[in-house]
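Chain naming follows the written order as A, B, C and D, and within any one chain the residues start at number 1.
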């Protein structure tokens, strides 16, 4: 493939990773959602570019799905939840932002370390792609555990998924990408559905320990 | 021929010990009396006591069971047999191979076992006191005695009394620390087993201190006679045992004639007289100890005997 | 062999019958009858095999581990123990039949189906010839006995006892598992033949010895692994207690012998030393425990611990002498062990039966509520007296013969090369002698309090003699106790094949021929013992005595009130008797105060106060303090810590997951450097 | 292949049909019917040669798991018939929910059978995710706060796990693609096994870590186990049975497939230590957790974690004996544990409570049930003559022979768990029977709803397996054990 193709793919992937850092950095829900939208857009672009450069039309579908679901529907839905639950003020991270950033950087380093031994038989692109997506996934996970709020945790979850898609589209001729992204979207939909249905505001941090324990017949 | 002779000797010995036992007790009492300045009863007094007891009627506790009435016979028989097993004037005894020292100790043990049961049969507190104390004493005395046997056996390579006596007479042993220790231990055991001072006082009926007497408190008449005779036999037995193991000199051995046997008998009587005198001296010169110090006394005996057994390895390359 | 297997299969059938015909009145008759028959069959077969000799019977069944299948094999050692187990089975079935009828009303659990299974399990252990079958039978035996203990689950103490029992049992099984893990060949051949073929290295062998002592020892009740035994054995119905105490512990002994003498090959001198040490400790501690018990069955259970100690001492001696290449003496020690195994199974069953009879008649196991039963239950009293005398090693009963042989073996210590061993044996001998003497005291206490004196409770005063079946069940072992005491030699001769198998020698080797009624083993010490002659002479002498006395003495007898310091009258006198704890007091003071921190508390009312005075005794079990409590406390502590994980928030759980992932990734990253 | 197609298709059709059928009686009967058909079809597999296509694969490894799954599916559906009848009577569930329940039950069976028989990493992943979704819905069936809580926790944790597993799958493809070229081939088991030696180990390692964490979450390995106890405790008991009995096995099966790849590829790091570590962690943690449980279903859920730990440990040890033990233990555990859950379900229904300390004396009040439960717990505790004993025997002995220091924590863990099991089972099965929660009537007066056949059928199988294993099964186990390295 041409240098241009490589550079473009590399660049777009880098943007996705950058957005993950940006996500970690956000304090306000709205801005968080906006950043997430941007990440989704970047991912769309990547998918489309890969579809074009590798000539794999089905990746266009992936791109389209990403665009419609992640960049439009879900952000909007989450936006409404935030408004509905009146939690659009600042969100307190479980760990401080600074700490989170440090952790994020070390995670990226770790993923680089892990990718280094991947030898030349894998193409340069694969290695880059691997390093980027690995970082994105780990950062997404970090995001999930570093935030108390359901919405931001959903965002974290979806950024993990973004990492997956990034990896999937990056490697040539990956089959079933579409199916998987669909299956995944279903799951995300479930989560949002759950948040809606049960008004899970702080479910990730379970409400009242005594109450839960009595639920479980574990209290004496 | 030898078998027949051995049987005769055996019977003679059974009778001899039976005859000598009260005499020994009488002798000890006499010497004690003299030592404390009394005239004291005649040496033959014990015989008279026994006969009088035999003629007296038996008074039984209401709830005494058949066991209570059988025990005197059982224990007397056991001790009598035991006494018959110890070579006193000859080692040529028919029963020698049927039982060795260990069996002998066990025989005495069974006599004690049944007497203790009898003590509890009437269901009075005295019987209980006596039995429990007796068993506690025995629990320490018996192992001590077995340890003595152990050290002797290591030396002599046998526990059959006849062979021990033979070996000791052969004089190849010589003086040994371990034998001395064993002797002391055996004497301590003998004192305890025969309820002598300082463990127990055969003369007193002071309830809190007595052991043996408490057990037999309910006995009377012929039963009491048997019990008393049995304890006299026991005293003689222990003296005979000490004599046989440590001073067997003068005893007739295999192949020696009847004259030697007679000599042995004489020697035996002399030994008894000596032993009785020593016992009387010891008893008059020491005070009775508290019952719960008996444990320490006999524990000491046990340790001494164990020490004796271990010393053997050090002193002699067995 | 097929006969044994089918007999065992028949036992399983009996279990099925027990389930099927539970409601029928004849059920117990059928089950116990069938069980007794099967046991008799096996015992007979084993006896014939031992007497007849010939090659070992063996059989391979297409079950168990697929690639080795189930090996069954009955060599002479198995035969010896088959006799022990099934003899116990017969008498227990006989007694149990009557016992079940006596306790018909009581809501016992399903004893009927489980009882044959228990016996089947024990038999299977004895004929198993590969590690898997062995451990399967072993654990099956534990399982059955556990459920049998639980058959009294409505009594308040049972559940705890049962729990402790099965947990300790599985601890033992785990140890045996590990031991066989070392012994088995790398490619998973668990058959004993293969294990024999490849001998383990010194280190491995040492490991196995320790593991076997732990594993089989916990089943046999070696101090300090005995804690479960005095709780579990008494909890079961009495005939089952008899089996557990008199027989199952012997199966554990069998396991020790099988591994230490047979599978492990040539022993090293220290194995025996360690074994002996454990045995001595067990013997002394066991009897001291027993002396402090007021519960009849628990007392008996502790005395089992003591006797196991004696047996293990004998095993240790045999190992030592085998390692010292003095096989004849080793055979002597081993013969003592086997003889004591038989003896103990007899008189311990007898005594547990007696306890069961007393329990049936008075409904109480507490010594301080018994007394005077010799008047109410004459037959039981006589038989129990035989048992008590036998277990106290009084001649001319069987208990004494075993002890005599054991001492003969001990007296051979000079034949050993090693100094430390010589001295250890001297100490062990002292310990054994002490234990025996204390056992005497212990059973005087038991018999005197329970059967003699005056009844200490109304129930004891109104007790009635038990039924014929139960009396017969007691009579059989009692008679055997006397017979074996008088004529031990034939039995030892019968066991000789086993001895030759294990130590390549017999106890009578190189001795000129002796008549069958004469016991004179070969050894450096030319001693002999003859129970028969002793019995005859005793009989003769007593006849002479009685005749002589009654010729001279007066036969007049007057009945009167005993002298009780003025406490007269039948009622008050019962109270003034010595109690179990007051009887134990001197020995408690002499021994217990240091080892058990035993303390007497006397509550003496002031003069003029009519309140009765009370003597109460408190003591602590060192083994319990040292072994059980730390473990249970530790587990509880950890459980509390771990339990926090149950109540965390989802985010925390996610964090755990994240950390796990990162850790694994780091591990990979590191391992790739 | 047709047989497999039938096996997989039947529950799918079943789900569609049951979604429409009104009336819980008919529904439960049809449920049983479809499960029975599935079982029959899976039995046909035994007759056929092992084969593999683009979509499905049948080999020594999954053939017995498929049959096992179908069997437990059938018995559970029988048990569930009686169970829901009681729930209806007790007004805990209504018809609408039950229709949904039955449909989901079949859908769940479909996903699991698909996951087992799929020859494609992607398909398998999709199937496992589907299994997650369906069970989430069933766990929250009662709509109590606790059940929703449990379902939510289950969903989130397993969702993340699934995501990581997907990443691992992608990585696996990423590793294979340079060697095998783009396309399906690089995602097909049979193909991968063929070329795995040439695949670069670095990405393989990476992929395996993600797969272990991802699918390991569903296996319930500590510290990823948090969802499991509550999901078991709050859902309907039949679901607890299939969760413990089947789903955990399926997830573990997925992990093992990948372990095979790593084992076949020489240079990749040995996954053994990772699995041993997680296995021991699960065993010890679960063993300790058992002591503080008061809810009977949660109690046995933890025991499932414990046994998954043992199995994972076994496969981590590797070698013919340990692997054999692991495979055997998988089968035995799923049979025994589901049987236990049947018994527990009945017990909970007759006593009306899940609190262990309020259930007692079952052997007295309901002998058949009580002794069944006792037998089940005895079996799971590893006592003979049941199958678990054989596997634990092999595992412990072989481990101690090879790695004495690893055997010690293993034995300690087993003993700790054993202590807790005995403690609780004595409480449940012995002592004086209590009274029904709420009504206060004596428990003995309440009859057991439905049949105990499933319970005893499982126990019988486990008993037989404890003393005798059929030849073909042994052969399969040994081939798979060899493949697992």
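Everything that follows uses one rule, which is that a residue touches a chain if its C-beta (ideal position, glycine included) is under 8 Å from a C-beta of that chain, and two chains touch if they have at least 3 such contacts.
As the structure is a computational prediction, the values presented were derived from the model and not from experiment.
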Statement: Farthest chain from chain C by C-alpha centroid distance is chain A
Statement: More Cb-Cb contact pairs, comparing C-D against B-C, go to B-C
- line: Rounded to the nearest Å, the gap between Cα centres of chain C and chain D is 43
- request: Determine the centre-to-centre distance between chain B and chain C, using the mean Cα coordinates as centres, and give it in whole Å.
  value: 35
- request: List the centre-to-centre spacing of chain A and chain D in whole Å, with centres computed as mean CA coordinates.
  value: 31
Field: Centroid distance [mean C-alpha coordinates] between chain B and chain A, Å
entry: 99
Task: Pull out every residue in chain D that's touching 2 or more other chains.
output: 152, 156, 160, 164, 202, 206
Statement: Residue ranges of chain A touching at least 2 other chains are 114, 117, 141, 144, 203-204, 206, 212, 216, 218
Message: If I count partner chains per residue in chain B, which residues reach a count of at least 2?
response: none
Field: Set of all touching chain pairs, with the criterion as stated earlier
entry: A-C, A-D, B-C, C-D
- line: Counting only contacts in the complex, chain B reaches chain C at residues 14, 51, 54-67, 73-74, 76-78, 80-81, 95, 97-100, 102-103, 106-107, 109-110, 112-113, 116-117, 119-129, 131-133, 135-136, 138-143, 146-147, 150, 153-154, 157-160, 163, 207, 217-218, 221-222, 225-226, 291-292, 295, 299, 302, 306, 309-310, 313, 318
- line: As the complex stands, chain A meets chain C at residues 94, 107, 110, 113-114, 117, 138, 141-142, 144-145, 148, 153, 203-206, 209, 212-213, 216, 218
Message: Which stretch or stretches of chain C touch chain D in the complex?
response: 62-67, 109, 131-132, 135-137, 139-140, 142-143, 150, 153-154, 159, 162-163, 166-167, 170-171, 174, 177-178, 180-182, 184, 186, 188, 190, 635-636, 638-643, 645-646, 648, 650, 653-654, 656-657, 659-661, 664-665, 667-668, 671-672
- request: Using the touch rule from the top, collect the residues of chain D that touch chain C in their complex.
  value: 152-153, 156-157, 160-161, 164, 202, 205-206, 209-210, 212-213, 217, 223-224, 226-227, 229, 269, 274, 278, 285, 288-289, 291-292, 320-321, 363, 378, 382-385, 389-390, 393-394, 396-401, 404, 407, 411, 414-416, 418-419, 422-423, 426-427, 430-432, 466-469, 471, 474
Message: With touch defined as at the start, can you tell me which chain D residues reach chain A in the complex?
response: 120, 122-123, 125-126, 129-130, 133, 136, 144-146, 148-149, 152, 155-156, 159-160, 162-164, 166-167, 170-171, 173-175, 177-179, 181-184, 187, 200, 202-203, 206, 230, 233-234, 293-295, 298, 354-355
